[in-house]
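For reference, the structures are reproduced in the following blocks.
Two complexes, one shared chain (chain A), two partners (chain B, chain C).
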Partner chain A sequence: MAGQSIVLRNNQPVALTEIPRLSLDAFRAWTVSQVEAGKRLAVLCCFPQIHGFLLCAVLADDANGWLELAGAEAAQEFPSLTPQCVQAQLFEREIFETYGLRPVDHPWLKPVRFPCASHHPNHKIGEMDYFQVEGPEVHEVAVGPVHAGVIEPGHFRFQCHGERVFHLEISLGYQHRGVMQALLQASESQRRHLMETAAGDATAGHTTAYCNALDALAGRQAPARAHAIRGIALEFERIACHIGDLGAMAGDVGFLPTQAYCGRIRGAALNMTAAICGNRFSRGLIRPGGVAYDLDDAIIRHLLERLEAVRADAVSAIELLWITPSVLERFERTGVVSKEIAEEIGLVGPAARACGLNRDVRHDFARGIYQFQQIPIASVESGDVYGRAMVRWLELLRSMTFVREMLLALPDSKIMSEPGAMKPESIVVSLVEGWRGEICHIAVTDAQGELSGYKIIDPSFHNWFGLACALRDEAISDFPLCNKSFNLSYCGFDL
Partner chain B sequence: MISPVSISSVAAALILSPLLRSIINRTKAGFAGRQGPPWLQPYYDLIKLLRKGAVYSRTTTWIFRASPVAGLTMALGALCLTPMGGENSVLHFEGDLLLFAYMLGLWRFFTILAAMDTGSSFEGMGASREAFYSALAEPALLLGLEGLALKAQSASLSGIYAALENSVSAGGHAATLIFIMLAFLIIYLTENARIPVDDPTTHLELTMIHEVMVLDHCGVDLAIIEYAGALKLWILGLLITGLFVPIQAGATWLNLGASILCLFLLAVLVGVIESVMARFKLVKIPQLLTGAFVLAALWGVWIARTQL
Partner chain C sequence: MLFEILKARFQQGHQTTAYPAGPPPQLSERFAGMPAIERSACHSCDGICAGLCPSRAIQRDAAGAVALDMGRCLFCNECAEACPKDAIRFTSQYQLAAAKREDLITDGVNADARLALNERAARLYGRSFALRVVSAGGCGACEADVNVLTTLTWDIGRFGLHYAASPRHADGLLLIGPVPENMAFAVKETYDAIPAPKFVIAVGACAISGGMYADHPECHAGRRPIIPIDLHIPGCPPHPLTILDGLLRFLGRISEE
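Presenting the complex of A and B:
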């Protein structure tokens, strides 16, 4: 398929002119055929040009570790990929909502976020059409957007038959902040804060993706020590969040000991990040060109001690899950997503690895420290809540080993590289494995080398639909457990 | 003639029943490595709720407001029928065990009606779950009580538990009582919405059974519901502890004290159960309740064989 696309590595900038401009039909045919051939639609987005729009599709070839980028110019509409490629459905709805570029023949152009742009003129916050099931004894249950727990807003609409769920529809977008628009008007130091809060619990993930993208465009390479510290922050984030999730899943099945202890252990894990930069969610740590805080011997010793304590506590609290029959009974065969479905809808992160898909950016598209120090991919085949819990547990153990090795052999170098000007009229795709999965950032520069386009895809954007699939034919009372086993971000989706 | 001990046992229930919750919570806190709430927290909660006003949804009718009072009335009625410490209850007559069982039934009926009265889909789901599970728990309770009645040759709760005492101290079939105790324990956990059947601490409406039915109640109404719930822990607890406290303490007052102590131990047991296991899947609960029914039935058959 020469000439139809350009092959890129993760964080490899290319000039915008090098992107092949296909005709809209060829673009559609190429994307659909590539997805059918087993590649994954990482991004489908569009960037406004002087005349019309540039549609971009980035396909991830996980097996070979490269990305394929193709483009097409569109004026007002383009043929929808969704009928042949499910992975495109949400991207196309987003494109339509943001730019009014209509995907022709898209089955249902529902709003993605509130408040919607003028392209959905009649929609108010929270008002939208739902897929409905009719029949005797079929009932509808609406949950949210205001929830009983301290969680973010989202609306869940269940079509039920007794306790059984026929269909779940998830409607998000209640806290749309316009992050991607704000980014383009912000100064570099303001952008950093926007990145840190793109999804507050994945700060290290999003800031690393952002900084990697900017570094690549500026042709600067963060020093080895900075890459190592970024890796440590990413893994600390993963450790803390996975511990918190496992505790919360135990809480949802009413299993007290793991729930009670994980809450505290998560705090201890977050405090390790705070020991590096003073903030428990690594805000202010990762900067373009490197990191802002170095680790001295005292901190390293402290972190190694804390890490061992966290590991011992986590093992004693979490291994209870795997030896308690009543817990296993709740986890196993609950909320199953088959490997075929997971592949078709393009799941990422632990949710995908729980279905037997060996996808991990740290392995497939390794950048920074992960090029030198590999973490084995943790995957199981079952696709159920147990699978998602087990993947988290295995990842957490492996992350702890990784961080320990990093701390013991931290490369000796500066932590910040010299600044450089960004390449004009270039595009870069930056992938990072956040704790929820693949975080993808795309940065585009204009003729002056300033950012002119920026696209963020949080792993939640891919995975919310997976949660809806997991609930098919499941008991409605198991929804909270399934939801927690995915634990997706609302604000990372809403942006 | 109502004895002072019977009056005291009712008074003890009215005053001490909220403490059972406290014991359960403190036990759980111990397992979780926490200190737990103050011992008197359930009382503080009740006082707080009593001082609050109430908000009523416009969807609701008088049924919603009547339900808490009706529930408390049934609780007090059932309490008067329950013997404690081997002493006759305040009210007792032949056949009062049926009245007892159906007072619990009527109580539940009002709770379910009030839940449906709110028109909320959550409460409707809770109501349907409660109706389903109690339809399975009630026969097990009745069958267990009738087996006991057969053994004691008395259809009054007071008669049953007095006879038990005599038979056990005479070295009777104490070991076989384990069947009925297990059956009653399952019913106890179900009726009081405890783990593994229900989770009283969850905030997740979709998983709740009992809690979701009282979500719309507040203020005094909620205080009444909470207090009646504490009484339920006490009353049904007496059915279990009565089975294994027939050890004669020698004096009626001591027997009363021993009964209260056993109730506290039962609360500890509930706390331990809640700390070491997860909740069942909702679809598995009927199996558990069927288990209770089978245990009660087995025991009834065994008694019938030895008696007839």
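Presenting the complex of A and C:
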């Protein structure tokens, strides 16, 4: 395969000229063969050039911890990868909707986000052809965009036979705020705030991915202490969200003790982040070159105390789930995604690890503090709601141990490195394991070393389709439970 | 199993805050609340803060005096970090809500927590207020801190406040997010479905002014509002205490200072 792609590490910048430019057919053949060989399509995207577009595919080789990048130049269309490679289907729809670059022979080019400047002829939100099942007694249930709870908007359509779901179609775009369009015109500080709210419950994840990408392009290394604090913020985010979701899953099966306790404990976890930077969602903490807030001895002592209290409360609240038959009965064998399906559609994060796929950026593509302090991967085989709940529980225990070790042995250094100019005409891929899974950012610079292209892929982009698969042949009444076991981001998808 | 549940109940203890009858929960020492601006220091300054502010929340008058629009402010502290005269700082005052949009534009000196009161709302819904929460472009942070008010730390049910699952059961709408074009119709429909008299609470910089998204062609909040707003609760996101305090003041449930 020599010459067809370039091998990269996470956060390793390369000159744009080093990306092999394949013919469109060779690009498709190479990408399809790599995915067939077991690699994962982390990104398929395109960047506008002076003439036409540069298509880029990034394949993740999780086992070896490297990325392979290949490119192809396209003018108006390219042969669709989707008929041979399911993982490409959403990326190709996004490319067409955003740039009008048509994937020829794509089976169904549905809208993705319904942006104002869409290349679809009809782009009014929600107006599209939906998947439909016909037959006697088959009926359709449409839900959203506004849901009954305090959650983000999205539209779900179920094709049902009685209670049984044949198919769930998830149609999003209601949260589309124009993040990607605004990024390139924004100042550095504005860009960072856009990253912080790209998916606001994964602020540390997206901001770390952004800052790691910029640092790599500028050839600057955040000091060790800053990497440790970024890691602590990232794990606090994971701890808070996993606790909150386990509580909400308990609520969805009507087990109120764990629901009531976890809602409160989640807040206590968010307050630990606030002790570092004043904001419960780590806003303003992570910046290019390092972090903005240091931890003094008093804060470290405070955090260690709070962490122990959160651990004790979380253990007492969440372990009730595993000994309560009425909970287990609802969790087990509900919303199953098989390992084969998970692999085929390219699931990431806890949803993938619940299907027995051992993929975790902190392990496979370790950067920053994770190069020095390893977190064991938590995975189970069952692929059901129980599996996703158990993976989250194991992860949050391990994250708490990790944070404790970090706090007890925080590297002694500055928290901000010297600024540097970004390399011109370069590209970098930046992966971070957010609490939902792999957050991927790609940054491209122009001849002046300014950002000329940027791409954000939230883990939800890969995983929404997994939720649809989990609902196949399930009872429609289990949808809230299945949904919460994934708890994907609407705004991180819609951007 | 019953024994385990009782043991857990004992471990979790009593967690509901005594606020507002007692003291509020302790906030982080680094919490950024109501800004305080020493305007006399601004006259001989070229105003680096205004250009730096990511959401353009800082305005300067002809004499150079600075006012901060809390409706746009992200409370990110970058202006305070950059101010060469140390004239801007963010205090620990968490009472930030205001009924009138213009009352959010402040130097912090004349800030008055009573500005959140709506006498009509207090009269109608002071003892029971059901809100339909709509996220329209919210990033998930305001949603989390609105939702957390139902947990046992804050327990808004104590005040007769609750979030309704249908607009038909609501007395008002709690709006989150910059209202993207793709949600404009749904926000209007939800608002229309709430029986009058009704009130709208905007939580967070996005819902009040568009925040970071104010100038995006995709977003409505601020420049092209879809629905009228009766209470503004600033922040990115506002602390749960700020939200609860704003709601209680709006309904006249906290009056003494």
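Points to keep in mind about this one:
In this text, the second predicted complex is superposed on the first by the 491 of 495 C-alpha atoms of A that agree within 3 Å, B and C clash if a C-alpha of one lies under 4 Å from a C-alpha of the other, contacts with A are read in each partner's own complex, and residues count from 1 in each chain.
Just so we're on the same page, a contact is a pair of C-beta atoms (placed from the backbone, for glycine too) under 8 Å apart; a residue touches a chain by one contact, two chains touch by 3 or more.
Every value quoted in this text rests on a predicted model; they were computed, and no experiment measured them.
After overlaying the two complexes on the shared chain, residue contacts for A:Ala354 are found with neither chain B nor chain C.
In the superposition on chain A, A:Ala42 makes contact with neither chain B nor chain C.
Shared-chain residue A:Gly149: touches chain B and chain C both. When the two complexes are overlaid on their common chain A, residue A:Glu163 makes contact with chain B while staying clear of chain C. Once the two complexes are laid over each other on the shared chain, residue contacts for A:Glu140 go to chain B alone; chain C is not touched.
Once the two structures are superposed, chain B and chain C can be ranked by residues of chain A touched, with C on top. Of the two partner chains placed by superposition, only chain C is touched by A:Arg283; chain B is not. By the touch criterion stated above, A:Arg330 is placed in contact with chain B alone, chain C being left untouched.
Legend: residue contacts after superposition of the two complexes on their common chain; A:Arg177 is shown touching chain C, with no touch to chain B. Once the two complexes are laid over each other on the shared chain, residue contacts for A:Tyr261 go to chain B and to chain C alike. Within chain A, the residues touched by chain B in the first complex and by chain C in the second are 148-149, 257, 260-261, 264, 324. Of all the residues in chain B, the ones that touch chain A in their complex are 28, 31-34, 121-122, 124-125, 195-196, 199, 201-207, 274-284.
Those residues of chain C that touch chain A in the complex are listed here as 1, 4-5, 7-9, 11-12, 15, 27-32, 52, 54-55, 74-78, 81, 133-148, 150-153, 163, 165-166, 177-178, 180-183, 185-186, 190, 206, 212-213, 216-219, 236-237, 239-240.
On the chain A side of its complex with chain B, the touching residues are 139-143, 148-149, 163, 250, 252-257, 259-261, 264, 324, 326-327, 329-330, 334, 475-481. Remark: chain A residues 113-116, 125, 145-146, 148-153, 173-178, 181-182, 187, 189-190, 192-194, 197-203, 244, 257, 260-261, 263-264, 266-267, 270-271, 274-281, 283-284, 292-293, 312-313, 316-317, 319-320, 323-325, 489, 491, 494 touch chain C in the complex.
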